[in-house]
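Each of the two complexes below includes chain A, the first together with chain B, the second together with chain C.
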Partner chain A sequence: MIDSYLRQSALDHLGLAGRTSEEPEKAAVRLGEKLLPAAVNLRGDVADPAFVAALREALGVEPPSAPNTVATNGEVALLWLGPDEWLALQHGAAPEAEAQMAAKLRDALGDLHAATTEVGEQYVCIHLAGPKAREVIEKGCPLDLHPRAFGGVGHCAQSHLSKATILLHQVSPGEDGEPAFDLYTRRSFADYLWRWLEDAAGEYGVAIVAP
Partner chain B sequence: MSGYRLSSGGQIDRARPLSFAFDGKRYQGYAGDTLASALLANGVDLFGRSFKYHRPRGLFSAGVEEPNALVTLRSGARAEPNTRATVVELYDGLEASSQNRWPSLAFDVMAMNQLAGPLFSAGFYYKTFMGPTRKAWMLYEYFIRKAAGLGAGTLLPDPDRYEEMNAFCDVLVVGAGPAGLMAATAAASSGARVILADEQSALGGNLRGSASAQENLAGLAALDNVTLLARTTVYGYYDDNTLGAVERVADHVAAPAEGQPRERHWTIRAKQVVLATGAIERPIIFGDNDKPGVMLADAGRLYVERHGVAPGRRVAVFANNDGAYRSVAALTTAGVAVSAIVDARREIGAEAQAIAAASGAELLLGQVVTRALGGQRLSGIEVAAFDPVQGARDGAQRQISADCLLVSGGWTPTIHLASQAGGPARWDDSLTAFLPGEASQPWRAAGACQGTLDSAACFAEGAQAGAEAARACGLSPNPVSLPGAKTEPLADVPLPVWDARPPHGKGKAFVDLQHDVTASDISLAHREGFRSVEHLKRYTTLGMATDQGKTSNVTGLALMARERKLSIPEVGTTRFRPPYTPVSLGALAGQARGSHFRPTRRTAMHDWHVENGAEMQAAGLWLRPRIYAQGSETVEQAYSREARQVRASVGMVDVSTLGKIDVQGLDAAEFLNRVYSNGFLKLPEGKARYGLMLREDGFLWDDGTTWRLSETQFLMTTTTANAAPVLSQLEFLLAAVWPELKVAVTSVTEQWAGMAVSGPKSREVLASVLDDLDMSNEALPFMGVRKGHLNGLPVLVARLSFSGELAYEVYCGAHHGEAVWSRILEAGKPFGMIPYGVEALGTLRIEKGHVAGPELDGRTTAEDLGLAGMTSRKKHYIGSSMLKREGLTDPARLKLVGFVSADGGKIRAGAHLVAANDTSSPPRSLGHITSTTYSPALEKYIALGLLEDGPERVGEKLVATYPLKNIDVDVEVVSSHFFDPEGSRMHV
Partner chain C sequence: MLQITCPHCGARAESEFHNGGEAHIERPKDPAALTDAEWAEFVFLRDNPKGLLLERWNHTQGCRRWFNVARDTVTYEILAVYPMGSQPPALDPRRYV
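Moving on to the complex of A and B:
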């Protein structure tokens, strides 16, 4: 069977687990890796009720049609990537979850013109939270992340952070002054992006956490 | 020694004395001082030497417009030349030094340049070094650059960090003076997201420190929809209402705190902008008007009111407008004696008269200052009668002793940003000033930059502009209460006097102090035909110094207008360009330094490579193992050993960087058939095929293998370099060209870690580690693809060969890349299995004559590379039409062939191929070398290259010449299939 201890995140070499902060609440920025999410890239026609039904059947959630929005049932989240493209994400699932999710989707979609691609292993998820989390992203990302413009929780966007491509998902509103974001980047860029983030957050004070 | 500290007053903290040094001498100032005010308080009046003539120069202003007091701040790696002492905030331990002088500021040898004055006049460079004397420039450039110039920068790396910030707002207010404060307040009342930025150390502008400003700012600071940015210069106005700003986060301290940036660059995208950028006072010119002690009148007021420093002990004032009387009043209030007020106007208003009377100064109406007197500093002025039509009369009426002269020639609205984002500036005859032109982006101007100088009017205008800006964003501002302000009886309409010199006045009259451009230079430019403002600017360098002529442009135009007998607007004005004030390169670079400059992409096996001695090499952004050197091996020894071992037994190379695209859909095969030049319709399931992609223009673009995983799913691989461009092209084709095709493409480049296991023992090694795959030639034939498992992990195994050996590519999920890699190597131990790098990969492929990046250079066709058989004639595909162009089918095109070194010399990539008996110089190039290596299989240096009539020349002897290094190698033309041309080794 799969030796789960051998599964390696692209940030393994940084030894983040050994660097977690004792007093994360004191830092204005909390940075951590959400380990090894399961992810399936989906292409299909959202105007086709059969496609929507298949997703509902397989995932328990329907694909959002509004640009840059996220639909979730608490377990699986569907992030809008394009008019015919979504990313199905599941955190904290077993190693087999991705293949199972893809298989369920293929079964449900049957002969529909749709595509199901397992992509979890090409992403690294960096979680960024705290009173200055937004400012850190704004240092390198040309998107307006103000809740009025971005929409707050339940919104996502594809952009770049410094020179790495990112998929940004706001997961906590920040009305308490503590917004939180999940940043997905391709695994080969993860080391670069993590170091950039730690450096950019330096002036505010950064704590490494295990989210 | 004229300036001194007043016993009270000013917005300084007398309880916090600060120690600092200028040119090595220690002084004391207070918190709240600028370097300029502190030096002035210490009686220093010599701040620098001028650009060309090395004339002694003192303080001229109290702000960003300073043309004279340029100093080098700090030392060592933090040395920063050409900072304006007037905006450098004093901190404890500050060190500064003067510039452009030798051996000392007080005694500067280069001051003899003044004797050569005529030589350095307008157009000096053109006249001296064009034409027959042009060569002399080479000789003299060094000395001239040394003699004329600014401070020297440091060559040491900057130890500080710089940052960037992307900001968005509804309303950006530039300038936090009376108009800006009210604009921000009004806009913020609507709930708009407001950014208020000001270049000064504290917000408030002319109201700095006043109770009303404090109250206003406290109100704004309490709002979470308002961002207040002090020490932030909005320097540029760009398209789409994007503005650039630099925040000097830690420029006012010796060194930034841990983690703190020195400066932060802000990219501000605003829906609406309010420009409340104020105005800058301008001088009137006269003889020797650059003498230390001659200062703008408002600067004198600021030194008194803001810093508690008197600019002199015997102060005289020279004005053509009421503004100067504000300075007189301030000096009088502070107890600074004003001895004389020289006003070009014959009549002045009652308020001005009252101020003059209260000051006790002698009031000289209808007169002008014609010349400044003194040696290294001002000792007095010459005064003459003035007629608005005739000008000043020859022969000074009298001399007045003074150690400071405050000059006011009226106000020049700061329209830089407006000019960057708007139409031509508009001339206002009564203010004798240019005002903002038509807005070409959503901004509105308010306050002094619009020519409104009265405080009450500025408040009202600012509030209105802020409210309008908020409304333009679809928001509803509330009415705001305006601070009480006396309407000012000081009219501020100047009498146009630009040059107060009499017809035969003495002394140099400087227009542009920083670039040493005089009034006679402008006359000279006119005489020599450089009459348009654009020519005037370039010929004389007027306004082209780091101060961009903030105090000189309008005067320069006025003098040209006088020469041409035109009005100033008829002469025109130049357009302002960013930056408004100098921007440090550090701020523009931001965080993008060192490892942040560009990303490094790492494969899943990266750490293994590094730990096992790989020398890593950049391939685009990726890092790939080049060689795994053992002991003191050279690169050539290492890759030769690695390649030899692959052919002898087995080796493995990381190929994870290849682009991988999941192609799914009912029409996937049809789609690939249109994308590749060779056929893909009949590719059976479980098989891979090598495919060629052309550009639309018929040239070769990319190659790779594509694997049919099922009826409707393919895994396409691309070269490392083209992974992203190929995906974009496929997405484009599906979206725009063939939307009817039922196909979806998704990048999976990083989902899979890939490794190529090559060599005669590769089958045995993989058979021993794979759980469930029959590896026999029958079960997994050449180009076969199978799904299997390794230690329970799903893997894809494809029997492909880039090396000519029996070989397989193994793909596994990236999370397990290192685990699978290590497991296979472990299994290969009994066979002496080694990891090999991209050098050996290249050697093996060159020995087989396979093409790669150096051959697919965007200028070659399939036929050039001997791949004509892969361009189908039976179907249409991308590039097929253009492939038939004459130029692409020309038989004279260079063709791919192989070369072996005939004399044992190493062949260089890029070398040109010439006939051995060609003695012409340079010899005719018959082609060039593309890829080269030492071949351990042939024990020779070999190469691939493109050659005229290539295949027909096999057997010929040529010379591969590399003139850059004078290296000639005798080569023999051979087939590009150097090793095992029958392919017997990979079909076993």
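Moving on to the complex of A and C:
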């Protein structure tokens, strides 16, 4: 476990907190950063009941075996990344949450053939919502985000957005025409991707919010 | 752009993938025993068929797993997707020559 220190968002220099919109409901796209997520990458065999039980014990969630799906208990979400790989995510937690989550997982997994890696430091989470959120992402991403193809809430996918690697998670259904996505990208792509998104959303009207 | 069906993630655009060249090229068991010509054959020389080609692909921007693809180099049709370490399924490729 590392000592806690002052973590800084990769978008800190953009001063987003000072640019939040007072009338976000008027914009067709709302953009915001979900600050400093706790994230642990998990590898293991989902066919092994002991692995599933260990995750249930440590996180309160079982790893989804269906591709591109998410399991959540409201606090921790497990995103499917590959046939033997998941990402455990927690938002709005204390700075120590990630190390604690990883320690709990290591205790629960014991001698099982599994791996846990703390990766929160590399991820930046950009939240996109609004009636035109889908159109903005589809400008630079080959995925079909229509619920018929993507699956709606509880689905995730790894792809690229304007050449930057992304992990996309739909967090709100958009039945009211307001779908919402959490978009994870690597730290070094964050500045580029934020500017790209703000530019791409410009034609629909974009508001910066604190999600 | 090709649409490639990743065995794990499903159908995705070619831009998410990375081509890994010809499949089923086995590393010589005893490289020291090879002549220069045989080593050059292993390292550099690849088939360039008109028609069926077996190749490796990696879903770089997705699940990052390798798999094999049987593709027609004339029509770009993907005839089969099958796991690493297995032999290609029975195919009935079109013949051009």
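Criterion: the second predicted complex is superposed on the first by the 205 of 211 C-alpha atoms of A that agree within 3 Å, B and C clash if a C-alpha of one lies under 4 Å from a C-alpha of the other, contacts with A are read in each partner's own complex, and residues count from 1 in each chain.
Note that a contact is a pair of C-beta atoms (placed from the backbone, for glycine too) under 8 Å apart; a residue touches a chain by one contact, two chains touch by 3 or more.
Bear in mind the structure is a predicted one, so any value in this text is a computation, not a measurement.
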{"item": "Which of chain B and chain C A:P67 touches, first, second, both or neither", "value": "second"}
{"item": "Which of chain B and chain C A:P142 touches, first, second, both or neither", "value": "both"}
{"item": "Contacts of A:Q8 with chain B and chain C, given as first, second, both or neither", "value": "first"}
{"item": "A:E178 touches, of chain B and chain C: first, second, both or neither?", "value": "neither"}
{"item": "First, second, both or neither for A:E198, with chain B first and chain C second", "value": "neither"}
{"item": "Which superposed partner A:L81 touches (first chain B, second chain C, both, neither)", "value": "second"}
{"item": "Touched partner set for A:D45, first chain B, second chain C, both or neither", "value": "neither"}
{"item": "Dominant toucher of chain A (residue count), chain B or chain C", "value": "B"}
{"item": "Chain C-contacting residues of chain A that also contact chain B", "value": "142-143"}
{"item": "In the complex with chain B, residue positions of chain A that touch it", "value": "1-3, 6-10, 12-13, 36, 41, 43, 84, 99, 113-123, 135, 138-144, 146, 148-149, 162-164, 186-193, 195-196, 199-200, 202-205"}
{"item": "Chain B - residues contacting chain A, complex", "value": "163-168, 193, 259-261, 267, 269, 591-592, 595-596, 598-604, 606-607, 622, 662, 664-666, 742, 744, 746-752, 791-794, 813-819"}
{"item": "Chain C-touching residues of chain A, taken from the complex the two chains share", "value": "67-68, 81-83, 85, 142-143, 157-160, 165"}
{"item": "Complex contact set, residues of chain C against chain A", "value": "1, 8-10, 12-13, 15-16, 61-65"}
